[in-house]
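Pasting the structures here.
Below are two complexes that have chain A in common, paired first with chain B and then with chain C.
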Partner chain A sequence: MSAAPPRALTVRVDRTSARYEPGERLEVSFELGLDPAIRPIERVEITVAWRTEGKGTEDVSVVAHERFDPTAATATTAGETKRPCLTVTLPATPLSYDGFLVKVRWFVRARAFANDGDEWSDEAPFELGAVAPWGENKEE
Partner chain B sequence: MVKVAQRLWRTLVLPPAERPSLITHLMTAGVGLGLLTLITVPSWFADLRVATSYVPQTCRVVDKRVGGDGTYRPELLLEYHYGGKPYREWSTRPDRVSTSERGESERVIAAYQPPVELPCWVDPSEPKRAVVLRGKTPAPPLFVAGSWLFVAIGARGFYWRRRLRGLSSEAIAALRGAQQRELDAPSSTHPNVPPPKHRPGRELAFRLPAGLGMDEMSLPATLLLTFIMASVALMLGAITLTAKGGITAVTGTFFALVAFLALRFIIDLVQKALVWLGLPPTQVELSHSPVVAGEPFRVLVGQRGSMRLNSLRVTIRCEERVSYREGTDLRTEARTVYEATLFDEVGVVVRFGEPLTLRCEHRLPRGVMHSFKSEHNGVYWVLRCRGDVANYPDFCRDAPLVVLPATQRRGAPYREAQS
Partner chain C sequence: MSAPANPFATRRLRPGALPFVGAPVVELAQRVERGGSFEIVGPHGTGKSTLTRSIIGALGDRDVAVTLFVVRAGGGVVVERSPGRGPPVHVVDGFDDIGPAGRAWHALRACIGARALVVTAHVSRGLAPLYQTAVDDALAERVTAMLLERSGSTLVRPDEVLAALRARGGNLREALFDLYDAHETRARTAAAKT
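Let's turn to the complex of A and B:
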């Protein structure tokens, strides 16, 4: 059995728990598993956003968006590989929510665009705040 | 009206959700330009033809009128000679256009006091045609505005198509989001939380607008439906009675059904009107606005008037509301996800000069969802006062409030709802 090939693009948040509080800093990094000699990548875009899910029409709001030059990903400073990353101070609202009709989901997304028009994307969800799912709040 | 204007303004200034299609905006701008051409070019050509082909003459204006058939245009009766022959003809502008604006035609002919000698232009190929009035008939302003609107929408599409070239959907959303936030509340520390609507209170700091509840909100709709159903019932009744052969089983049944519905709507309308007109407003005051989840706040509910309440229930509730398209219909759906009773009074008598006043302190759980509003989804909080009035229609009034998320505690979460 051969090992799985490396993923073309991977995006990560800086906490394994992927839980954040409003006002905290979120650091997003990405890793390209493509050989730049074979597949030259024009740019990588990182987005921090939330979207609604559920019965209603989806609403999406982008909080931060940045373009990166993928060649910078391999640039080294004093022998240390410096990976580009996006740092964002998270807003106070809307908090992640698992409602009956409305769900608010936060996520980071990376998209890599090749010179020949191909593209790859990866998404990593994270939680903002700690709103209880609907039905779990009892009167105090 | 203001809301519609605001919406239109937002649509015009905000970047579109995606890069506009070339063909759609080409067609839109084309329609606008086509309409503008249609109202400008024929008149312009008619006037140009007068300037280049007609023969200048002197004529005598002997009469004037507002002519046209159903529509209006200024007309002058001219007497002149051409090719040795005398002519006496009614004349108008070169484009011969008549409009629905009588005032404009009256203003034009008011400048001429017959009999008067004036320069005119005669068509050598058809000497019966002569003109004194030059220029083009002004196009209806609404038509012109409509045409320019099409051009503006098309031009906006071209602009954004060019501006958004090469941008990914996320980059477009980021641009749109930034401008949306700037428009909605540039200094808001809580994005997507609607601002509270309150005034200073009498006893507590903030007074909420306790408007009509959802039941009473439908008053105008009920009025309209009542009018429609009653009209249809009357019409059907008249048709049925005057028709040959009198009332048949089918028309009679249909008439009875419509008449029953009309009666039902009339009763509903009267009930709502009685509540709306007969019950003084409910006073709802809060010590804090916006309310912060997990923090205590005081509530005051007051009811003036003269009534015997079988029951009065005041609840604080959280409702999720969504809208979505199903085919061509825009549907909305709501679901209450949290409700707590603040007051539940039974057998209360309210007299003139002795208003009912209820006070309490409440605290929302720290884990509740804050107020939230996006384009198609929302989480709304209200204080609902529902009264069962003896021998009178019941009432239901909603006072919208804004709830902010619980503040973080030092060193520990705020995430307690899950722990």
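Let's turn to the complex of A and C:
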């Protein structure tokens, strides 16, 4: 069985649980699986945002957005590879919520733009706060 | 623990999120590119906006500029511009929802500075027909299967859309929102059992 090819772009949050509380710091990192000699990348944009999801009109709000020069991704300090990342102090609201009609989803998104106009994107969800999903806190 | 993503949420159904199934989109875009005044006609929830977005995407692939006016129920208008060569194609999504004066204004604007005019409407406005949208059982099942496949969910079967389609008088969008409810209920029932 052959190994899966590397993903063109991967975005990650710094906790494997992907759970955060308001006021905590969230660190977002990205990894490019593209060979810069073949596909030079002009820039990578990282976004931290939330959106509502359900049957109605959606709301989307961006709380942080930054551009990175991917060529800086290989700078090293003390023998370690240091990649650019975005650090955000998370706001108090809105908390993640898993309702029947509406949900609040937090996510980080990375978009990589090649010099020739091609682009790639990746998204990773995370949770802010610990509101019980709809139905779990109803009285009997 | 969160319920799995619902494949029938607005963000997965909205125009532009799904390709239009069943129409020769590239051929329609080529026809628009050559110029003229066209209408896409069909009942509520049959894909007029989705087809419009697909045609705009195909025009963008051909480097044709587009100015899109999305008329909201209640009167608001959202304007979106996509770049390209030459005069833009003037598109009005929701031609029924603006008054006679507004329709005349768009027709005039399209004559003066646009390559072509494309409108969506529930009834013919006397323009050259570009496409008539309609939903049949096969199309509804195909769209439902596509949404389920994209999300990886097996909580709903594609053929379940047919009963919802009957109940909603052929409005596929509303039928898919009924499946949203069914999916949500089943996902929570499954989560409660585990």
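In this text, the second predicted complex is superposed on the first by the 134 of 140 C-alpha atoms of A that agree within 3 Å, B and C clash if a C-alpha of one lies under 4 Å from a C-alpha of the other, contacts with A are read in each partner's own complex, and residues count from 1 in each chain.
Convention: a contact is a pair of C-beta atoms (placed from the backbone, for glycine too) under 8 Å apart; a residue touches a chain by one contact, two chains touch by 3 or more.
Values in this document were obtained by computation on a predicted structure and should not be read as measured data.
J.: Using the superposition on chain A described above, determine whether A:57 touches chain B (first), chain C (second), both, or neither.
T.: The answer is both, since A:57 touches chain B and chain C.
J.: Answer with first, second, both or neither: which of chain B and chain C does A:100 touch in the superposed model?
T.: In the superposition, A:100 contacts both chain B and chain C.
J.: Does chain A have more residues touched by chain B or by chain C?
T.: Touching more of chain A: B.
J.: Following superposition on chain A, which residues of chain A contact chain B and also contact chain C?
T.: The answer is residues 54-58, 100, 134-135 of chain A.
J.: What part of chain B is in contact with chain A in the complex they form?
T.: 168, 170-171, 173-174, 176-177, 180, 189-193, 320-325, 333-335, 337-338, 340, 363-365, 367-370, 372, 374-379, 404-405, 408, 413-418
J.: State the interface residues of chain A toward chain C in the complex, per the touch definition above.
T.: 51, 53-58, 96, 98, 100, 103, 127, 133-135
J.: Please give the residue numbers of chain A that touch chain B in the complex, ascending.
T.: 19, 21-23, 45, 47, 49, 52, 54-65, 67, 91-95, 97, 99-102, 104, 109, 111, 113, 129-132, 134-140
J.: Once bound in the complex, which stretches of chain C touch chain A?
T.: 1-3, 5-6, 8-11, 177, 180, 184, 188, 191-192
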